[in-house]
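To start, I am sharing the structure in question, which I have written as structure tokens.
Chain naming follows the written order as A, B, C and D, and within any one chain the residues start at number 1.
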Amino acid sequence: MIRFDLSIGLDYTVLTPSDFVFIIQPTNTAHQRVTWERLSIEPNPAWEEQVEGTPPNRHLRLRAEPGSLRLRYEAIVDLVHHFELPVDISEVPIADLPADVLKYVYPSRYCQSDHLVSVAMQEFANMPPGYARVEAIRSWVQSRIKFQVGASQATTSAVETYESCQGVCRDFAHLMITLCRALNIPARLATGIDYGADPALGPTDFHCYVEAYLGDRWYLFDPSGITPRMGLLRIGTGRDASEVAFATIFGSVQWTMPKIRIEAQGDELNGIVLPFRHDYAISTDPAGSPPDEATLMLQAQDFAIKDRALPSAAS
Amino acid sequence: MIRFDLSIGLDYTVLTPSDFVFIIQPTNTAHQRVTWERLSIEPNPAWEEQVEGTPPNRHLRLRAEPGSLRLRYEAIVDLVHHFELPVDISEVPIADLPADVLKYVYPSRYCQSDHLVSVAMQEFANMPPGYARVEAIRSWVQSRIKFQVGASQATTSAVETYESCQGVCRDFAHLMITLCRALNIPARLATGIDYGADPALGPTDFHCYVEAYLGDRWYLFDPSGITPRMGLLRIGTGRDASEVAFATIFGSVQWTMPKIRIEAQGDELNGIVLPFRHDYAISTDPAGSPPDEATLMLQAQDFAIKDRALPSAAS
Amino acid sequence: MIRFDLSIGLDYTVLTPSDFVFIIQPTNTAHQRVTWERLSIEPNPAWEEQVEGTPPNRHLRLRAEPGSLRLRYEAIVDLVHHFELPVDISEVPIADLPADVLKYVYPSRYCQSDHLVSVAMQEFANMPPGYARVEAIRSWVQSRIKFQVGASQATTSAVETYESCQGVCRDFAHLMITLCRALNIPARLATGIDYGADPALGPTDFHCYVEAYLGDRWYLFDPSGITPRMGLLRIGTGRDASEVAFATIFGSVQWTMPKIRIEAQGDELNGIVLPFRHDYAISTDPAGSPPDEATLMLQAQDFAIKDRALPSAAS
Amino acid sequence: MIRFDLSIGLDYTVLTPSDFVFIIQPTNTAHQRVTWERLSIEPNPAWEEQVEGTPPNRHLRLRAEPGSLRLRYEAIVDLVHHFELPVDISEVPIADLPADVLKYVYPSRYCQSDHLVSVAMQEFANMPPGYARVEAIRSWVQSRIKFQVGASQATTSAVETYESCQGVCRDFAHLMITLCRALNIPARLATGIDYGADPALGPTDFHCYVEAYLGDRWYLFDPSGITPRMGLLRIGTGRDASEVAFATIFGSVQWTMPKIRIEAQGDELNGIVLPFRHDYAISTDPAGSPPDEATLMLQAQDFAIKDRALPSAAS
């Protein structure tokens, strides 16, 4: 089990009466328990939390009058991962995809997979299907795209990232999703926090990563490679960033960089480990089978010792 | 009430084992009752119907072996419309949009509303918000875009249609949806059959049209203008065509044009009228208040007599 | 006649050995005489001026070593305009276009006129051909596009400007050129200095404007409307900005904003007037008939008095 | 020396009075002599040949009235190649590029090299500059893009070909040119006839190929690989296809496939050989040093014997 202590601070200067839709609160599921949280918003506008979608995204909606708007959110979140050996995980034939997974094979706003079918076929069609092929896609994206703050915009899509070869975590995620879908592998975007990222990339920030549906559940991938996968918290889940922006604002507003803090709290005696890099496949899919904790924790501690030394560990 | 008798025939030559996902069966809701239907598929592959989404799309899934595949579907469908005077219908402030409607303000694969904000503002920002503004968008799209079979492809998006000024019903719908969303008006795509279309446009075919969320429900618009709105059957509903293609095929398959027949059966004594063009706003939103038929039918017959003569009737 | 006194200062910090190609010196032609000029470059790299193309562009080429690079250019330039009444200027049938003009009907990097044919036809096909139609295109671009520094990039093309509705003078010029070509009207881009621009748009800077081939020569248009046309100096001339960037740099270099000064020197007794806004068509086409100065100056002074009061003066 | 006997037949049904600009006649230069030619056009419209540009493109212009238009052209053309060992040919530093070559480093309509800089850097920046690197680009394009008639349109640019991975010779040429320019290697497009192409690709047709400026002249490359380079005739030369379409038509016209015949006439005793595939770099650059035929012919015959057996011959 992983335990995170996190806080998020958002500050705005509202110029005209404006509507906000935030998706910043971690999802509460069997594999990710929000054990404590506190939200304060100043001044004190009426707000509403609306849970929508599967997995559930927590929409925090409010209307702010001109002046300053200050939002502070704190939470303790426990993650319980499902672990699997990559070699045991296969791709799922279209005919066997669950009804609610099928839609993640189709193109979306930022992931126009219909445009990159030939590219995906050329690079990956010769590889045997399975988890290893999806990891190869992830690795290809990481090595080909340069992490460059400011090189992309809100409108930048995967096709443009494929051309420009630069972007931020969101662009990495969109391109990996697009290539997966072009091969009929369901893939979706999740948002979180960039726990463990190199400080040279800037202060702690929101993060975007990828889930691909393999075997019987959604597995985690970080195409930017900046976060160990065990550190990937789930805030929003969607087809792509068009569905899970951390803040969607209707109105005229000035903003500053989010102030985000995240710490993992290790307590190995109680089975709480710090996120680390290894080569197991991991999942926090709320729809996956609920975790059998005792077993899993033993298993986790077991390979934690063994695999920390693996030189080839991906992320 | 409107009553349709329809049949759909789809014929394929399957070259390699292929998966099919069809969305061709009309949705069954309080405003649209499928009172009888029959489906036959030859040869006799295992198939499954999966209902997914809100409003519910009926996914017909099957796997076909090489050889011919023949699908025949017939149905009787009754439509009960909600009528409203356009002048009574307002746009909904963002703050008041229901949680499950909000997502239809965001950009999607074919409707990159983030790209056309300036265009939408220039053309429509000066108009008072309300149904009339959405109808103005519809009318602008109809007059600006030329209906041209073959001028667009499966990958054509609204931004490209805005440039090329030509396309088919799907392109008209994508552009109208995009302009609505750019003004923060929720809009989505529905598929149906082009009842009443000019035979010069070709044989009866599937159709795409638009729903915009106004007042307390989704209202119907046909930006191509080829179908009277009362003739708009609901088959699939989604963000755009990426979610509701009538056939999604994974495999190598040859196909021929769909063979579609649709007839409206009038029986005025029993309150069943033929679709006609008028200026009322109409809705078949499954989430809207259920219809009070007696009243509605009287109302319908009433304005049917009055309004048939209206020279300015839009569609 | 118009007389300009101008200076241009460019400062760079060269990080790696770098090649520079500048196009900053005004062209020397019968209608635009560079009567005096001085160029200094520090430190003292070998440089070469290569005149290339028709009209001639003056390429200033040099190779700089790491360190600072400082370029100062000063000149006195006299402009002698050809004047014509708009109503007397017709569009030229394709069959009558000179061989060296024909290429300006074809699409180019930033002016993909093949993409915007339908748009151009819808907006302008119904207007009678002639100078007035080209002015209508110019006016449409000026009113539709918002001048917004930072809204476009070096890669931004006319199709993107048509979508985003914002940009700088270069984007205005590209869109106007594109729409002209889409109607088979030869159009090209010229660079100059934004004499007379509103200081609110920032310090004096390089400028881009349009020439359209009408009647028997190239006439001047300023789609951004920020400069009176009589103030349009000719530096570079090309299909679009890809051919006449004021500085093309091969290497790693830091730069600051150009420091530019331009002043018009009036001396009405000697027939030298200040640029002013009026509705005559004007040209400085080097290939046009050489000016008959005595006549022209009288004419200019004549309408200068009459037309300064015209409320409808375009630019 | 190579000798071609060729004929071109073009047939149109003109629906409205239409202007035609043809570029179908081979250029006449020191390295490519048109020793005999005959042109007939029925009915007998006035036509004009205008030679424009460097190297000179022969524009055949005419205006046709409604009815049929029939053009027949025949010619005998001798090619004298300059041969060089690839290892002796270097790339040219920007500072040393001739003034009239520099423009071929800039982006153009179909070759938006500014968009693909990162791609070019990733794939080719690590290779030593020189002819071999340009050949590596050519080979990469040939292996990556699938020759597919109908997969591209008149508006298709190199960026789109890079995404879709399919196209015809024109698309291959545009992508190779774009990648060269992104590395600051001057590259341009030439048109010719697809001598020697596999009949499975269709009847003899016009062809597009690439020239890259290396050492002291323009060298020939065929990224589609369908023609032996010695069989590359020069018809038009330009930045990209926007400048050298074989027919540009202003009007409403129906057309049929061009009827083209080309034969190489061998006469080894007189030093006239048939085109063959080998690994020498070759050029027909009119601006290159004029050929010393006696020497060259000996050299050609010499390696003709040696190199025909080379298994690695590129094209």
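Here is the rule we go by: a contact is a pair of C-beta atoms (placed from the backbone, for glycine too) under 8 Å apart; a residue touches a chain by one contact, two chains touch by 3 or more.
This one's a predicted model, so the numbers in the text were calculated from it and none came from an experiment.
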item	value
If a chain touches chain B and chain C alike, it appears here	none
Chain D and chain C - chains in contact with each	none
Mean-CA-position distance for chain D and chain B (Å)	49
Interchain centroid distance [CA atoms averaged], chain A/chain B, Å	34
Of all residues in chain B, the ones touching two or more other chains	115
Chain contact graph, described as a line, ring, star, complete graph or other shape	ring
Chains that touch, pairwise	A-B, A-D, B-C, C-D
Contacting residues of chain C [partner chain D, same complex]	19, 21, 50-52, 59, 61, 63, 93-95, 99-100, 102-103, 106-109, 111-112, 114-115, 154-155, 184, 242-243, 248, 250
Of all residues in chain B, those that touch chain C in their complex	115-116, 118-119, 121-122, 144, 146, 159, 162-166
